[in-house]
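What follows are several structures.
Look for subunit A in each of the two complexes below; its partner is subunit B in the first and subunit C in the second.
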Partner chain A sequence: MTTFTLISGLIVGLAFGYALQRGRFCTNTGFRDILLSGDSTLFRAWALAVLVQLVGVTLLHAMGALPITVPPLWLGANVVGGLAFGVGMVLAGGCSSGTCYRVGEGLAGSLLALIAFGLGVVVTDHGILLPLERGLRAATVSDTRIGATLPEFLHLPTWVLVPPLALVTGAWLWRSGVTRYRSGGWPWQVSGTALGLVGVAGWLSSAATGRDFGLSMTGPLRTWFASLLGTPSALDWGSLLIAGLLAGSFLSALIHGELRWRVPKGQRLLQSLVGGSLMGVGAQVAGGCTIGHSLTGLSVLSLGSIVTTAFILFGAWGAGYFMFIRPMRRAMHGAPS
Partner chain B sequence: MAAQTIDMRGEICPYPLFETRKHLEALGSGEELEVYVDYPLALDNITRWAENNGHTVVEVVEEGDSEWRIVLRKS
Partner chain C sequence: MTVAEPQAGSATPQPRPTRNRPRFRQWGFGLEAVLAAALLAVSAVSVWRLNRGFPNVDAVLVSDVPAGAVLVDARGPLAYRRGHAPGARHLYARNLLTFRGAIGGQLAPHDEIVAALHRIGLHPHDTVVVYGDGSGLDAALVTLVLQVNGVNARVLRGGASSLGANRSSDVPRVTPSSASFTRNARLLVTAKDSLSHIAENAVAPLDVRSDSAYEKGHVANAVQMPPSAFWGAGRLPRYADFNAMLAAARLTGDTHPLVYSDDLRSAALAWLALTAYGISHVHVVSAPFASLEQAGASVTTTAASAAVSRRSQSLCWK
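After this line comes the complex of A and B, so read on.
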């Protein structure tokens, strides 16, 4: 069982890292491209990954082949954590998966952001910011009152909700064209499908080890950083997933000639540090990040994941507006020519 | 000959696209901007944005491992 745990987490992680690197997949980039250049390519990859996983997990669960854990709803924590994470990922230039695969590619800023993310998580989980997490989770609406999932909230069976959701998203995706990547990255159809399948494989292989959840990054990073900082715990499926992810994106970048040590100027490094910390604190407060909530949690229609994702996007929109959209408008209209 | 050159190597996303846009908007019609990038996503974002907005991607030259020189012409 231990050996299987290690190997299956590592294999899923390798595939995850490879697909992220080839698909240039990052929730932050996906959302930002829409705001900054009206380009929804990566956003479609994300929607497809969620769709594939939603259908796969729903079917497997209905067949009794997959036990699932639903990320809980802590309304205030989901809102505040989501906002902090959203602002943080814009500052750091990548969400949690984006930051991780870019570490594999050799981005110094992402490495700093990842370290700050891990520290932020630990400081909030059992450091000086623990009262923040406890306060936000205790003081707000929890799933015991209104249900943990969208079907429970609406008092509708899952099989009534999933087909229309899948059809509407599928129809929208079906009508979208292929986007060519000059750099040789995967088209969004390939990366979305691959990541959705990796997600389903994640659920299955992690459940086989007794961890009834899919891909996630906040929890596994917490295990790694808590161990590094003196609270050792045994390697589990999640820790090996992260190790595999880093190795997978590193190998993919190496094979495709995209591995390169890239160091931005000082201000960006500081931005990465601040952004990474905000992401860590936000993800720990909200109980997950753009992977645990916005990919895995959405595939079980968790209300907490829906709220967190909405506020991550809202935080990213706000930060993107002040950092990029407003300065751009000023440069175009206000500057003397 | 490009009217202006910007070096975005080492820069994190979305600054390469952001700076490219700012500099290209400031140029006159028909003038060229030369951009150096070292990140695949930046190459994709910049060329796709330019094409979607009517500008011309004059050339993309791979200068080395994960390093490109992009020449854009303003519409």
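After this line comes the complex of A and C, so read on.
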């Protein structure tokens, strides 16, 4: 591992962790807020982060300054993996980004979910669930038959598709007011822009070490856990990204007085364990999580990432319905008027 | 302090605790500024690293013909007769190969090579610039052979097309030489020597044949990079793309790649690109893959580098 790999991975990870913690950035919480209270603050931050990356990465690639790798379209794996991840993140109480920054804040339940996530990834990558992954990925949709990206699929040049997409999303975001998330931290404009810029820096510095992909968590976690479990893997830029991410969110929580060791009750712990495992299995099967697909993959308009993100949200909606919406409705109907 | 977890997984997010707020808050802005500056610096260095040229490119490529250099045309006889650089001597790459049975083209015996160099009047101290067609294959092979024989030879960027209208059909008068050439046995190795190197784990086998040929069978543990990874549209690939492919193939500056192919010209092209990139210990097998099989190399169909091939398709010339 070169000095540049070490330093750049750590710096991008630190900035990523810091921005996640300050922005309270969690896909699960953002989606749940929309479902339960109609609050789209975190969702707007996520949309802005994707938009900034989309524009930045497209421009850099068009200028020939940045090589990119598009996640493949494994239709079956994207659907099943996305659903499993979506259900898992609701159970665990956070997606991969949310889980990571909460570990930095001292939440024991998130730490447990993160460990279960890593184990789920390893078990699926080269353990007993490997046949599941292979079976689902066997039906890879080749990029010669159907485009691996949305522009290829629609047979449109990227520059025809990206500006309208950016304009529509930008206009929607522009009309939204400056709002801070209920639990404090940065306004969504700041966190979205910061995360988008960190994402672009991630693409650049990762590519400069030969990795050719932006921010991600599933692959780097697999490397760490495989190494810890006795299958040494070469640590790369992504491995340092994870280390920096945890350190960055820890630093942010420490500086802003939000660091506290918190231990959940037994049932929550079990929920975190099961949810984290499901997230790990789902992310490994689908080839990425809410960071690799929903943040990074979407910025190159990868079809695999679009499908995975859609099914993550669908899975989260299903689990959210049974865990929150239905009990709320029952309580409302049962409550005296 | 240990308290019950308040918000993860609960339906509504809670405000952050404020009781221990915040001992280090005055550091917050400073840290944000430092992180932003560091991120900017990392991005700038990354852009530079991604788009720099091949570090050792001057060892194998030239843009202008130096004064006093001997020009060598490596193209076929017909192309040479139609028009070549004024004064360019003709050394057709394929005349440096012999074809025996099913094995395919392999490097001609040393005395035949030396005879060919004598015919065009070359000396070991000559500075030679070789040009070929856009594929780079012929020029790479001739340059490799010349360097193996101790001649300071490099390939002209852009090949014959860079000559423009400045062409001649006159065959230059050359006085044959009788100089002796010393062969560099480390750069160009026989199939038998290759097996010894592989057995000693002293080299990393690199298969530069097509994807389908590799899938049918290759030297055990060989990684594959298709010929298109090394040269396209008359030039080297982008540094970033090549760097990514080498990383996927786990080839670094310290690696000693042992390059083999079905066509020695493809192997020569790989040598050229790897050398330009800065991998200084490249070994080229002087005979095709079939000769390695015949010499008893362990052959397998287990892929060691599917990722490299995929990268080359998706990135290299897109």
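In the analysis below, the second predicted complex is superposed on the first by the 322 of 337 C-alpha atoms of A that agree within 3 Å, B and C clash if a C-alpha of one lies under 4 Å from a C-alpha of the other, contacts with A are read in each partner's own complex, and residues count from 1 in each chain.
Quick note on the criterion: contacts are C-beta pairs under 8 Å (C-beta built on N, C-alpha and C of every residue); 3 or more make two chains touch, one makes a residue touch a chain.
If you're wondering where the values come from, they're calculated on a predicted model, not measured in any experiment.
Q: In the overlay, answer first, second, both or neither for which of subunit B and subunit C A:Gly93 touches.
A: After superposing on A, A:Gly93 lies in contact with both subunit B and subunit C.
Q: Contact-wise, after the overlay, does A:Leu130 reach subunit B, subunit C, both or neither (first, second, both, neither)?
A: neither
Q: First (subunit B), second (subunit C), both or neither: which does A:Val160 touch?
A: Once the two structures are laid over each other on A, A:Val160 reaches no partner at all.
Q: Who does A:Ala201 touch here: subunit B (first), subunit C (second), both, or neither?
A: In the superposition, A:Ala201 contacts subunit C only.
Q: State whether A:Gly109 touches subunit B only (first), subunit C only (second), both chains, or neither.
A: Touch status of A:Gly109: both partners.
Q: With both complexes superposed on chain A, which partner does A:Ile11 reach: first (subunit B), second (subunit C), both or neither?
A: Touch status of A:Ile11: second partner only.
Q: Which partner does A:Arg182 reach: the first (subunit B), the second (subunit C), both, or neither?
A: A:Arg182 sits against subunit B and subunit C alike.
Q: First (subunit B), second (subunit C), both or neither: which does A:Asp212 touch?
A: The second partner, subunit C, only.
Q: Examine A:Ala65 and indicate which partner it touches, taking first as subunit B and second as subunit C; both and neither are also allowed.
A: The answer is second: A:Ala65 touches subunit C but not subunit B.
Q: Give the label of whichever partner, subunit B or subunit C, reaches more residues of subunit A.
A: Tallying touched residues of subunit A, the top partner is C.
Q: Enumerate the residues of subunit A that count as touching subunit B in its complex and touching subunit C in the other.
A: Residues common to the subunit A contacts of subunit C and of subunit B are 24, 29, 32-33, 36-37, 93-94, 107, 109-110, 181-185, 257-260, 262-265, 268, 271-272, 324, 328, listed in rising order.
Q: Would you tell me which residues of subunit B are touching subunit A in their complex?
A: 9-15, 17-18, 21-22, 25-26, 38-41, 43-45, 47-49, 52-53, 60, 65-67
Q: Which subunit C residues qualify as touching subunit A in the complex?
A: Within the complex, subunit C touches subunit A at residues 1-18, 20-25, 27-28, 31-32, 35-36, 38-40, 42-43, 45-47, 49-51, 238, 240-241, 243-244, 246-248, 311, 314-315.
Q: For the complex, which residues does subunit A have touching subunit B?
A: Its residues touching subunit B are 24, 29, 32-33, 36-39, 41, 93-94, 107, 109-110, 179, 181-185, 257-260, 262-265, 268, 271-272, 324, 328, 331-332, 335, 337.
Q: Enumerate the contact residues on subunit A facing subunit C in the complex.
A: Interface residues on subunit A, with respect to subunit C: 4, 7-8, 11-12, 14-15, 18, 24, 29, 32-33, 36-37, 64-70, 90-94, 98, 102, 107-110, 143, 181-185, 197-198, 200-201, 204-205, 207-212, 248, 251, 254-265, 268, 271-272, 324, 328.
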